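In the two complexes below, chain A is the common chain; its partner is chain B in one and chain C in the other.
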Partner chain A sequence: MQRRDFLRNLGVGAAGAVILPSVSFAADAPKPKGSNVLSYKDALKAVTGGKTAEVSAKVNLKVPEIAENGAVVPVTVEIDYPMTDSNYVKAIHVLTEKNANSRCIDVHLSPANGKAMLATRVKLGETQEIVAIAELSNGTFLMASQSVKVTIGGCG
Partner chain B sequence: MAKRKSLIKIKPKSYKDGEVVKVSFMVMHPMETGLRKDKKTKELIPAEYIKKVVFEYKGKVITTMNVWETLSVNPVFTTYMKIDGAGELKVIFTDSKGEVQETVAKIKPKG
Partner chain C sequence: MEISRRDFMHICAIFGLGATTASSAAPRAVSQISLKDINSFKDTGNFTLLHVCDMHAHIKPLYWREPSTLISAPNLVGTPGFLCGEAFAKHYGLEPSSLDAYFDTHIDFESLAKKFGKMGGIAHIKTVVEHVRKTRGEENVLFLDSGDTWQGTGVALKSRGEAIVKAQNYLGIDVMVGHWEFTYGKERVKELIEMLDAKFISQNVVGNDSFADDYEELIFEPYTIEERGGAKIGIIGQSFPFTSTANPKEFTQGWSFGLRLDTLQEYVDELREEHKVDCVVVLSHDGFSVDQEVARKVNGIDFILSGHTHDPSPKPIVINGCVIVIAGSHGKYVGRLDIDAKDGKVRDYEYKLIPIASKLIPADPEGEKLVEELYAPYNKELNEVLGKTKNILYKRDTFFSTFDQLINDAIMDEMKCDISFTPGYRWGTTVLAGEDILMDNVYEMCGITYPDVYTFELKGDKIASLLEDIADNVFNANPLYQQGGDMSRLGGVTYSIAVSNKAGERISNLMIGNKPIDLNKTYIVSSWGGNLQNAGTNLQEDKIRAVYDITRDYIKRKKVVDVSNEGNVTLLDYDCGCPVEGSRSCS
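Moving on to the complex of A and B:
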């Protein structure tokens, strides 16, 4: 959609382009994107609803420092928090900083889980930070992040 | 559509009532992002990914996962659960094409 808009603007602004010296259009041309495009900022807002997430050592995020293959990056999130009926981890969210779609997975837990933990594997397009956000039953958010160096990108 | 290969793994293999065990759900799924191009035809491969995974134990939903295309091919979902008597553990996934599949594991605590 963005590309289409860009081309339309190009047609409208063609007269202007003649007068102006060749502006670097190539730099403005957006990259091809998938059906779900969500920047990290928007994703963070969608997760926390505008609240600030506090950086906490209770969120234990385990990712490799260097991932040779960006297509398969193991991610483990463990939260050091009790899982009782009245006080538990409601959800774990995993976000990436630079992927076209910033969201990876949301896990909605219940006290029946016994322990707040999630392990999965994600795709990373480039070297970036992985962010894990834990939503507690009392409405607060805890987060942890770690950067992963990607040798070969795994998206697109 | 043909059934996708899927598996539920519980660790440790033998467990008691009240124990907290690790549950892994694996499924063979392409997880296409919609960004990749076919090498021969140079056309984009349409997106196809798992959207939702639900863990149901004894008819009660214990965990719901919302998933996006940024997970790897043949994804694995691991979490914990508390054993609370014998029953069925169902894992149901829905993908972006509307495909729904159920995998069942029997929970049999010892002692």
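Moving on to the complex of A and C:
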């Protein structure tokens, strides 16, 4: 997305009231005892409480196929879903398959946000899947994933 | 050597000369084949796109042998982009020993080289281009360049790209995109674009320095709209998506690349809906196989003029209504695409990949003069004879080629390392057996703006995982995860590979200095053209030296080099180097 588009989107939001989503990063998440380690399986369970997240085209995950820099991989998630009082996206979670701490970011939303969307950067230690999960107000979960290659260098 | 009647008939077929003329043509010497014969083409529609890609700064004719090994994942092997040798000849119906077999495959290369001579060269390209401009009308012709044009020879390196921009201006290039262009650095790229008559476009280069004015803004115009033959032609630029991982980041610090298919789709729609163009063209440096994926994922593109992977493709491929062409490399070919487009619709097209056979196509005297002028300041160094080669020196092939082995031999001889890494680029040159090796040839193989050979320490387990990583860049079953080069060439190492295995499990029987690799041992590694040194420790700073100087000195010491084409890699899951579609063998 171009910056102007982003600003334009913000502008639309600003016409009402700017509601900032509440955000918690992995670092803020309750830490397991000992080192900062949380496997993908455990992180997924923590997010969904053991429910199945259904793969859905409504979760629009944008990440590069090959990371330009594994330390700052841009991730954008947009959920194509209503944001009405009775039916909305409650949260977006981003997980990584192989990072030591799999849980990257949790963004909590309310209908007042108007649109379920986030853009951030994640650090990837190696080639792996990035998983985006949308938590809906009806208690179900949608997800999308894509592999991102982290490589020391290639060929010309 | 005389061109026989049989050869002449093949040439006529390639250039589209009518069969009646061909059958009545008596055998003629090379010099007797007229330009009229060569330029024959079934004119179609209201305008013509001429296309070059990956010239790699070869403004003079050269020999260029196509690969004898081109292996990929089983789902891709034998498909356009992964065809070579007999499989290529079979797929495209080439006659053995014909001019097109000489241009498109390695088969009988050396004997055919003596018959048909060198390939490419701007003075010869210009003759073909001028003929098209004259017969079609200059106002109906557009000349597009898919990039990798400014880099690849001594004259390019020493003039920091300027000689090549002058060559492009002489040829009359209208629009281009880039990849190796960026290795001159951002500032130089901007200077060269100032000198360039053509437009430099890219929809997939975006500022990513949050403190810069161009943060999240396009660095170049994403597209251009040109009018030819009464048609509005929208051309979207796609530079190499993986420039910042394939080449050192410092050259493009602050610029982000990537495929950016979502914005590509937006520009296609914008050209169609807002600008009402008659034809949408993507001028691309994605690579032939990646562009086949692009055509599947992005709707509404009429033509992709591809580049990067150096494939000659005599016939276009059509995917999702999109026609994809690619015009080889090193200036060996010009693609001619005649298009009939009107009222927002492409109605017809005709395509031909024209081989620039320098013995058959007369040189434009202006071009010869220009090449002479551009080379004059550097002739003394570039024409120095360093030695001779006993066997053919060539570049390409998936795992091994003789000129790369020569470079590895030179590095190992000087650096006294256990392992030498040489990059799997697809550009270079060919020197025939028994010929002199000139300094110019060395630059044709390794003339880059970051030529330093680094010698450092790397642990065995790191070496093993690096090789797997590189293998996955080459052999990933999904073209979107490939970077379009070949395997790094290794000196001091032998290994076996099963290409179709999962990532991380392809390589076995890895031997260093004839002994099985010790994963805990620290090895001395030399490498250039990549960033392996960043993964190593104890860099020997006093030993850092340019690869072309190391190679020059080694050839001079040896006087005659004798590199065998035996190779150091055992391929476990294919029977031959050029498998056919759906098979692990050549038949």
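Here is the rule we use: the second predicted complex is superposed on the first by the 116 of 156 C-alpha atoms of A that agree within 3 Å, B and C clash if a C-alpha of one lies under 4 Å from a C-alpha of the other, contacts with A are read in each partner's own complex, and residues count from 1 in each chain.
The rule we apply is simple: a residue touches a chain if its C-beta (ideal position, glycine included) is under 8 Å from a C-beta of that chain, and two chains touch if they have at least 3 such contacts.
For clarity, every value in this text was computed on a predicted model and none was experimentally measured.
Q: Based on the superposed arrangement, let me know which partner A:122 touches: chain B (first), chain C (second), both, or neither?
A: first
Q: Going by the contact rule stated at the top, is it chain B or chain C that touches a larger number of residues on chain A?
A: After superposing on chain A, more of chain A is contacted by B.
Q: Return first, second, both or neither, reflecting whether A:62 touches chain B, chain C, both chains, or no partner chain.
A: Second partner only.
Q: For A:147, decide between first (touching chain B), second (touching chain C), both and neither.
A: After superposing on A, A:147 lies in contact with chain C but is clear of chain B.
Q: Intersection of chain A residues contacting chain B with those contacting chain C?
A: In the superposed arrangement, which is not itself an observed complex, chain A uses residues 154-156 for both chain B and chain C.
Q: Considering the complex alone, what residue numbers of chain A touch chain B?
A: 32-36, 71-73, 96, 99-101, 103-110, 112-123, 154-156
Q: Quick one: which bits of chain A touch chain C in the complex? Just the residue numbers, please.
A: 1-3, 6, 62, 64-69, 127, 147, 149, 151-156
Q: In the complex, go through chain B and note every residue touching chain A.
A: Checking each residue of chain B against chain A gives 20, 22, 24, 31, 33-36, 47, 57, 60-73, 75-82, 84.
Q: Taking the touch rule as given, give the residues of chain C at its contact with chain A in the complex, in rising order.
A: Within the complex, chain C contacts chain A at residues 179-180, 215-218, 241-242, 244-247, 249, 256-259, 262-263, 423-427, 466, 469-470, 472-474, 476, 480-481, 483-486, 488, 503, 529-532, 534-535.
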